[in-house]
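Labels run A, B, C and D following the written order; every chain starts at residue 1.
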Amino acid sequence: MFDVVRAAHGELLVTDLGRAREFYCDLLGFVVTEAAGSALYLRGYEDVVHHSLVLRRAAAAGCGHIAYRVAGPDDVEAAARWYAERGCRVRHLTAGEEPGQGVAVRVQDPLGFPVEFYASMAPAERLLQRFELHRGAVPLRLDHFNLHVPDAAVADRYYRESLGFRCSEYTDAGGQVWASWLHRKDNTHDVAVMNGPGPRLHHLGFMVGEPMGVIRACDVLAGAGREAAIERGPGRHGISNAFFLYLRDPDGNRIELFAGDYLTADPDMPPLRWSIDDPRRQTFWGHAAPSSWFEQAMLVESIDTGALITPTAPKLRDRPDFVT
Amino acid sequence: MFDVVRAAHGELLVTDLGRAREFYCDLLGFVVTEAAGSALYLRGYEDVVHHSLVLRRAAAAGCGHIAYRVAGPDDVEAAARWYAERGCRVRHLTAGEEPGQGVAVRVQDPLGFPVEFYASMAPAERLLQRFELHRGAVPLRLDHFNLHVPDAAVADRYYRESLGFRCSEYTDAGGQVWASWLHRKDNTHDVAVMNGPGPRLHHLGFMVGEPMGVIRACDVLAGAGREAAIERGPGRHGISNAFFLYLRDPDGNRIELFAGDYLTADPDMPPLRWSIDDPRRQTFWGHAAPSSWFEQAMLVESIDTGALITPTAPKLRDRPDFVT
Amino acid sequence: MFDVVRAAHGELLVTDLGRAREFYCDLLGFVVTEAAGSALYLRGYEDVVHHSLVLRRAAAAGCGHIAYRVAGPDDVEAAARWYAERGCRVRHLTAGEEPGQGVAVRVQDPLGFPVEFYASMAPAERLLQRFELHRGAVPLRLDHFNLHVPDAAVADRYYRESLGFRCSEYTDAGGQVWASWLHRKDNTHDVAVMNGPGPRLHHLGFMVGEPMGVIRACDVLAGAGREAAIERGPGRHGISNAFFLYLRDPDGNRIELFAGDYLTADPDMPPLRWSIDDPRRQTFWGHAAPSSWFEQAMLVESIDTGALITPTAPKLRDRPDFVT
Amino acid sequence: MFDVVRAAHGELLVTDLGRAREFYCDLLGFVVTEAAGSALYLRGYEDVVHHSLVLRRAAAAGCGHIAYRVAGPDDVEAAARWYAERGCRVRHLTAGEEPGQGVAVRVQDPLGFPVEFYASMAPAERLLQRFELHRGAVPLRLDHFNLHVPDAAVADRYYRESLGFRCSEYTDAGGQVWASWLHRKDNTHDVAVMNGPGPRLHHLGFMVGEPMGVIRACDVLAGAGREAAIERGPGRHGISNAFFLYLRDPDGNRIELFAGDYLTADPDMPPLRWSIDDPRRQTFWGHAAPSSWFEQAMLVESIDTGALITPTAPKLRDRPDFVT
């Protein structure tokens, strides 16, 4: 096995880097660490390393890969072996092949996602107390990945049993796992797996420092005439207690900005069960989410061909209207 | 003429006082000044007088009256004369007839609304700095009335020309006034008149001290299982810049809680014009309001019979989907 | 008499315009409307007119003048006559003599302050909803002047009886007025007069939209290594309930940023009395203010010579340690 | 070795339980799980177990013990052995001996502190989303202990090398460790060790969900006439970036309420070094702390006799005025 520390960064595909930069940096406040050819390497104000968000120019929107930080170099190697033994495609990356990043391995995991594991990244100035530079929503760091998978029970088991994640909360559909929030670091989640056509990335979740950062994001976007980017929220999730906002970037890629979280350090902390019939689960205040939020998600790349992978239909299908 | 100082209080009709008290006081945080027979007299934390909200037990939901504070006793008399001269029904109230209130006059105004004018009210302890008593959304005071009227242009003219209100913002529908925000005190409005079946009270607006009070109201209601009371918001109005939340009480009466406002003291401050075609006018962030918000409003009482008045259809009808 | 609408702008003297601009604009977020020769004309995000703060280059720090908006042109003329009749120095300003401002009159008032009265100012774009441009503390507008005067009882009477201000709160020192908060617009004050060597301007008060704006001002200043500008606060005033912060600009001029206020529209609202012995009066949380806050204030100019006026010692002197 | 999960609870000694309950529960908002004889067992709104704060009636103020949650029952046993082997006093507690807690071990650690290790605690209802019950500052959970020790370098080494803590930030006094912030869970600290007469507990740190909770604590205390409980703050720490407030309970015991933190999950995250000469280290905004904050701290009990232990003078003494 290998020791996953946390969800660390995500790579989104955008068709126009300038337009994406205006959205993520000028409006939302992400910081550019490096602009390298066809990609931008961004970080939040809390990050002390090179990047937690990569925007790469591509022919269509989507997700290039998601990445977990592992404990040390041995864990990178162990991950490579583990996936190879299970017949997964594995690609080794040399130090710097992804700018700022040490040696890494990228795999097509058993769920079909392009997942990277790395143990070191170049330092970057921490801007947490450079308050005079803070802008927009003041995003602090990447917090989690939210994935659509055809069988959430399988994905939940994979993350718990194979990768050592713990479940903080889950949605129960008549005894079956409909969705599960799983973590390695000490908060609600590093990854959530949800029943839906997959492999697809539903969103990257970025933490902001206080609820007003979420409100400010709405105001800033609308002030600039970009209110159409607001897909859902602001609102409170029952699950995770996050005060959330979902945005679609100019290419339609989805990110979440959220504040509010809780500590999950105790190893015997019991997972919180939500019935799929409880409407407060999804929006604590009772608001319905738009259908786009349920139906649309980002296609992910093949690590071999770079082609976007056609998703498989979900196993559980009889979704009530209000279901995640 | 007579000198109107500000929107001062509203009387809502509720079918169950205990249930209403739980909603307004236990959850939202209004303070009971007096519980007198079939009515509750409530105030906010900034109020220094007896009440800014009256809940009166009745057979059906609705609005008993709205009340403006006038400058002095002479203005009460002048108001009585002014309305009588124009053929409006006028009723004189002795001091204490409405608990806590001095002599007053209640009229059925030219728009059909039951409107009270008074110049003095019994003092009550100001709780603004009794922070240890603050609860729920921490409502500070009544701020404004929002009225549905069949002809907004007529109502706008009545308030400006007859009562000396100034317009801060308005919605223009092809050269016609669709809605108008009007004030006597130095902020955005004491009253708004909107095109719709009327006379009906659309909502009473209460000010909270900071945006998080609005978020807290949502959380408190949902925590208590009362999330169904949330009809619209939280969101930002383009018009008035208010960070708003619309709630329906257990009888369906509607109130707004909001934060954010601006100063309108300068007498030559030009009214801000919004085109009816600008979607940010209503929700700055682009969200649609639910149809109930457009269609439903509170019937108002006849000051003679106490019967609820049947509204008249609006003059302007070709409303786009998104219109106020 | 003449009709004063509100405190409208102040002119501060700075020795280095570039350094002042960095402080007021780059860090605190004031907006430049016009940079004209030896002066900067700034406004807040709520302002719809040319300026509410003027920074003028001068040999030493101080206050050039403070200005009240009056209702109309006749009030400008009436003010000129009123002060001339009382033997005050009066200077007429043509339209545009102060950039952006209509005809005005500047007087040395009976308390010795250089005070301007004007009735019209050129419009400027309101940036209240241009949230994408908001920076720093997001100052909204000038709210009030705080003046040191040798006899607060005299100054209180002058503002109430001659200029028609109403008192919202005052400090009582054994039956004598130690300080008084006075308003024309509908909030706590347009001007406060405090016992101390005068005429001196203690501070200009600017409103921010929410308490976190005050916290953000501290963080931004400290992030930029300018924490020495923070003289007092953040804290809560007992008087006025303001959540306050006092800053010294690079020349030592003092401004206040604050959030929180209340409505004072009712003409019979009784002034709130604070005993000089109540420590919560000044800092509700019990903190002592630094001695600089009590002792230092800005000298004001002679409208004739431009020289800074030597203040007179206060009449009441036996100040307890904690007194305003 | 044994696996410490996190700082879990603290026991403070109070001379009057009723007065302490009013302070912690009625004003600050802590929740009573159990009132058992001479002690109160309290928790925050995020806690899912029986207690994170114990108030025990005693003849004098002080600290009964601090407690770390360890991973499992084996770790409790391993801790007992480890301390016994090093000649420390060790006492075994049966399940329920401390109400709500499983078997535990209490030791007098090498630094002289009474420290408890336990692996299980009775569940309690999580009130995080029972927003209608939230009161006061809305404390979420215990976060850390702050300890005065005569030799911070020794204490730093003990926690890092023997207990496996990682250092997030530290104060360097000419090459010597003056103070160190150390963590097991993934945020800034579970414990800080500071140069000073020890063993003494400087404070228990409790997390609140948003900065306004800190402001609200001040307002609530002052509203109730208890502003004397505010010792220091609100302010921003340079170290840890916490927005902090220090309070003294009715017996003089000190707690911190704070918001703001950051993730420390990466095992190679370099400790942030602060020079003892940097004034922003302690208060980012430049404010001086009162001398009481430097000089006073809580004596701790002997686990054998219950007597309060006389502290030893610190090794490093030439403290600049502004030093932690």
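Going forward, a residue touches a chain if its C-beta (ideal position, glycine included) is under 8 Å from a C-beta of that chain, and two chains touch if they have at least 3 such contacts.
On a predicted model such as this, the values are computed, not experimentally measured, just so you know.
Quick one: point me to the chain whose Cα centre is farthest from that of chain C.
A
Does A-D or A-B have the larger number of C-beta pairs in contact?
Between the chain pairs A-D and A-B, A-D carries more contacts.
Between chain A and chain C, what's the gap in Å when you average each chain's C-alpha atoms?
Chain centres of chain A and chain C, defined by C-alpha means, are spaced 49 Å apart.
Measuring centre to centre with CA averages, how many angstrom lie between chain A and chain D?
Once rounded, the distance between the two centres reads 34 Å.
Rounded to a whole Å, what is the gap between the Cα centroids of chain A and chain B?
Computed from C-alpha means, the inter-chain centre distance equals 44 Å.
Indicate the residues of chain D shared as contacts by at least two other chains.
129, 210-212, 219, 221-222, 284
Write out the stretch or stretches of chain D touching chain A in their complex.
Listed in rising order, the residues are 5-6, 46, 48-49, 69, 71-72, 120, 123, 126, 128-129, 140-141, 184-187, 209-211, 238, 241, 259-260, 262-263, 265-270, 272, 284.
State the interface residues of chain D toward chain B in the complex, per the touch definition above.
On the chain D side, the touching residues are 26-27, 129-134, 210, 212, 216, 219-224.
For chain D, which residues are in contact with chain C within the complex?
Residue list for chain D touching chain C: 211-212, 215, 218-219, 221-222, 227-228, 230, 234, 236, 243, 280, 284-287.
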